[in-house]
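One structure, as structure tokens, below. Some questions next.
Just so it is clear, A, B, C, D and E label the chains in written order, and each chain counts residues from 1 on its own.
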Amino acid sequence: MTANQSMSQVPLTLEGSWVLHQMFRLRWAEWRALSASDRQDIAAEAAVLIGGDQAARQQSAVFQILGHKGDLMFIHFCKSFEQLHAVEHQLEATRLHTYLEPASSYVSVIELGLYDSSVKLYRELNEKGTAPHTPEWNAAIEETLKRQREAMQSRLFPEIPNHKHVCFYPMDRKRGEHKNWYTLPIEERQRQMEEHGLVGRRYAGKVRQIITGSIGFDDWEWGVDLFSDDPLVFKKLIYEMRFDQVSAEYALFGSFYVGSRMMADEVSGFLGASK
Amino acid sequence: MTANQSMSQVPLTLEGSWVLHQMFRLRWAEWRALSASDRQDIAAEAAVLIGGDQAARQQSAVFQILGHKGDLMFIHFCKSFEQLHAVEHQLEATRLHTYLEPASSYVSVIELGLYDSSVKLYRELNEKGTAPHTPEWNAAIEETLKRQREAMQSRLFPEIPNHKHVCFYPMDRKRGEHKNWYTLPIEERQRQMEEHGLVGRRYAGKVRQIITGSIGFDDWEWGVDLFSDDPLVFKKLIYEMRFDQVSAEYALFGSFYVGSRMMADEVSGFLGASK
Amino acid sequence: MTANQSMSQVPLTLEGSWVLHQMFRLRWAEWRALSASDRQDIAAEAAVLIGGDQAARQQSAVFQILGHKGDLMFIHFCKSFEQLHAVEHQLEATRLHTYLEPASSYVSVIELGLYDSSVKLYRELNEKGTAPHTPEWNAAIEETLKRQREAMQSRLFPEIPNHKHVCFYPMDRKRGEHKNWYTLPIEERQRQMEEHGLVGRRYAGKVRQIITGSIGFDDWEWGVDLFSDDPLVFKKLIYEMRFDQVSAEYALFGSFYVGSRMMADEVSGFLGASK
Amino acid sequence: MTANQSMSQVPLTLEGSWVLHQMFRLRWAEWRALSASDRQDIAAEAAVLIGGDQAARQQSAVFQILGHKGDLMFIHFCKSFEQLHAVEHQLEATRLHTYLEPASSYVSVIELGLYDSSVKLYRELNEKGTAPHTPEWNAAIEETLKRQREAMQSRLFPEIPNHKHVCFYPMDRKRGEHKNWYTLPIEERQRQMEEHGLVGRRYAGKVRQIITGSIGFDDWEWGVDLFSDDPLVFKKLIYEMRFDQVSAEYALFGSFYVGSRMMADEVSGFLGASK
Amino acid sequence: MTANQSMSQVPLTLEGSWVLHQMFRLRWAEWRALSASDRQDIAAEAAVLIGGDQAARQQSAVFQILGHKGDLMFIHFCKSFEQLHAVEHQLEATRLHTYLEPASSYVSVIELGLYDSSVKLYRELNEKGTAPHTPEWNAAIEETLKRQREAMQSRLFPEIPNHKHVCFYPMDRKRGEHKNWYTLPIEERQRQMEEHGLVGRRYAGKVRQIITGSIGFDDWEWGVDLFSDDPLVFKKLIYEMRFDQVSAEYALFGSFYVGSRMMADEVSGFLGASK
């Protein structure tokens, strides 16, 4: 193990909204067999869910996705894990749900990785001779987390970005026999993440990125949502990043879902309720 | 092979309760087509199974799980392999079963790995010149197992923890071309497992972990259940552990199932019996 | 990282038409249960879509594909991402769609990789001492892209080639632990791509190749369509290319779909409408 | 290639009974919709198949298996390949078959690997200067096979063991880029197989192991059946063996199926015919 | 790249009949629900297809296959790619097709790899100083291909062998990070293929092997059919070959399908038409 053993290797993270992605296929044949007015009523009932519940600090958005991976993708931002169950249950209680076939899903929580603060803090504590996991060490960690959490409220509990298009994919950091992210020293990981961040910063204004952590919740380590009004930007950004060391050598990607937002009043149109 | 050939390389293990995980999707469309009173009767019949059968020393718990991997997960703790069949059969005999579609399952047995005792005992026997698999060696092994089994009764046959949330996943130790857990000397494996255990100990009180062995029973080597009232702890614990050498270099993970416990009286609510 | 850090490593690309591939299985049993006149009407309605919509600069073609991977493959060339949704939706609105089961799909955009121009331009800028991402650098990039985009209009927005047979497959460049395309210096990648192109050029006139980029849109990095009147050429070309360094060492391939074009008036015949 | 080129590298094998494993899920909903007397009749008809056909030297056994991988597993031992087809066809002709959904299967033949005899014989022939594949060499091989075949009749054509529980899994020997079973010299493979056999021998009396070869018949190279009255022994044996060099470095495992035998008169009970 | 750059690395190949494999599951429940006379009529109609169409130089054979991968496998040898579509379409037009569920398929073309002639010719041209792809070089290639094509007519357009049993599997040559078939010099590949061929030759008379190429047509590079009256020979041959360097180090195998031929008059029996 090449890592500097005198320092913690675990980057501090902050967590915000709980997130559920749900991808569904519509059972078109059964749906089309309904009368136009039934379709209209059912679509209207479902549209109520979209936009979420402001009083409960819960947001939902729906996207039509391209290709055979699904017809609809819901993204829910919730204030608690229990609310993820509740929002899933609300959808199950709609009549529309009978016509939806679950195709995929993703459970995660908005995560901010504090590589810079972590390395800085661990170095200071190390220099002061504060041993990991002592009360003094724990207090310093807690104080840093508290300060950052306050500073980053809006990034931890954001609105679902209002852009026209979405790109969602899950990813892992590689643990190969020779290239293993988790055995790199934290300073090296911080350096690579910083380089990676520089690319992202050049796309500020063109794309909004929300990173969610899913270790312990789903089959990949992170879920990434990109939102943009220009879908070409998804390709430009991800392709450029692929040449960063951290992506080139350590990134593994799952399936990509790409689609376009539907506001509540567009759902009926999509579902053909008015035909 | 780098292992110390004069010593057994196989860690001693103790086994306790037999465990069956069952993940099901509910056939919502058919279920919703039932009358409210039918749903109520069927849910009530199924609820009887939950909690298990104290007289038969058999426990069952049910969890609603998030996402498309399933709607319900049953965990059964049984006193024998035959009882696993029996409990599976009891569920098949309920009317609810007609509305359940098997999505996944896991067969395993609660396992305590005795790396510390094994290395200590093998070293002593080695120093005494006792050859492996001689009657003297076998007797010493049996005596150690007997003593540990008595000391660890409550960990071998635990109650299903009473926490609100669960995280289940199966895992393997890697047998790669360069990184191979099974060719490391037992002393090195013991050292890595001890380091791993230190992380776990810092989470005591926040999370309950139950390790089950599944070699010969299912497709992965171990199944891990974490129980906690704070689901964020699942992520914190597993992420921190991922930087341990044993996880970073030698762990392979299967699918993660995350959900929340339902007591018998909550099942009807979840199933919408009262709507 | 062996790459020349003083030069950008990201090749410039140009994008043209948006492309959607849709692979469907026909539900033969239900289809055959229709009367001959119903089948005829439904096939005629669907045939209207084929050929696309000239006014909207949108083209569609349909192919019968061999084997169990599907019965029909649609290829749509669109002028915008939104038009991909629209064309998918038009097909969903046909009566034929009820008899189609989605088997696969692919979302991508026609891409021209400018390895030669990129290396030349980066070298010039480097020699002039122009730093990446400065306004001067950005302007030079934009100027090059603009010039190339104009020169390559017909290749960015081509007609769907009129050949009898098609071969479609997605592919990645390998990011292995030892062989990693994305960590090769751009000059080396340019050299290998040039060698690769020489093989392709020898097949000019026998096969038409259209490369689409799908990073951020689908599960592979590129989608390749080959069109030819002689299907043996697909095998000859791909086999010969497999010995190029860039394919031998760095190419990963997905599923291959092979089939034959049906003009609008052949669709009814294929669908047995006239039987 | 490190193998001793002057010696054949292919171990001699003997083949006995042809074997078919069939894993089925029961369509519970349709099955439960039958009247009790229909279920009883159908179960009784199927039970006739179990136990096989002594006159035709054909044996069949049925097991209830745990978890979602299936409800029933049939194991058929047949005297010929044609009889595998016949027994599969007999099951298809029962009314029970309508309620069975094929989940998996395995085609193989009982195989005894003669590593010890092979190395001994090849060495003798080599010392005598007999070249491989000469008539003299062929005759010596044939003579050895004939002698061993006679000595091992009962192991080549065994009864299906009468134990309560079964564990079935397929496996391969690894052909990795660095660890490749098939390029090891035959003497080294023989040494590792012998070490492996020593572990197995310590479990004699507790477990019965039947190895079947499936190269050319199914997707893995071998299928392994373990039979025991104590299911914990499956885990103990396989875990201990995993530390053998041949398993640690060269074994790849498929899915594990674990279950319990049902005698003909238990089938009706399992199928709920008497409810 | 270790290959001799002054020589072409691409072996010459000849192509013959186009081949389609189709694997189907029979929908037994629906099939059994038909009256005996309906089943007889439907089976008789399908039987007409078997044997193919001599006038059109098209052959078809049908096999019952063992296990859950399918019930029936059709092999079609066709004179053109278009005829593959036609024969697939003829089967879709039968009433039997309604009771068939596509399980798998394979599209390929009979291929003879001319490693020996290629190396010999390339060496001669090289010695004469003839550069690759010059008119002189092309003419020499064409002349060799023409001569070989005539000499090998019967192997390029064979009858479907008349043996009782079949074994089909697809395969690739490995392109690993260290073991890469496509970067070996052509002389080394020729040497390994020759060694491989020697094993095959010892099985002449016991087994008929037909190699088809599928690069550009299906998901693997080659499809292999073995035909024999003794199914044990499949295992013997493939196991022995697995120790050849070319198989041990460079072969990757897909799924194996094994079964037995049914002549036209046996199809009715298999399908239970006469019950």
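Annotations
Here is the rule we use: a contact is a pair of C-beta atoms (placed from the backbone, for glycine too) under 8 Å apart; a residue touches a chain by one contact, two chains touch by 3 or more.
Just so we're clear, the structure is a prediction, and the values are computed from it rather than from any experiment.
Among the remaining chains, those touching subunit A as well as subunit D are B.
Common partners of subunit B and subunit C, by the touch rule above, are A.
Subunit C and subunit E, compared by their mean Cα positions, are separated by 29 Å. Here the spacing of subunit A and subunit E, counted between their Cα centres, is 46 Å.
In subunit D, the positions touching at least two other chains are 177-178.
Listing every chain once round the ring, from subunit A with subunit B next, yields A, B, D, E, C. By the touch rule above, subunit C contacts subunit E in their complex via residues 25, 28-29, 32, 64, 66-69, 165, 167, 176-179, 202, 226, 231-232, 234-235, 237-240, 242-243, 245, 247-249, 251, 255-256, 258-260, 270, 272, 275. Put simply, subunit D touches subunit E in their complex at residues 1, 3, 9-10, 13, 15, 20, 22-23, 81-82, 84-85, 88-89, 92-93, 97-98, 102-107, 109, 133, 175, 177-178, 180, 182-183, 213-219.
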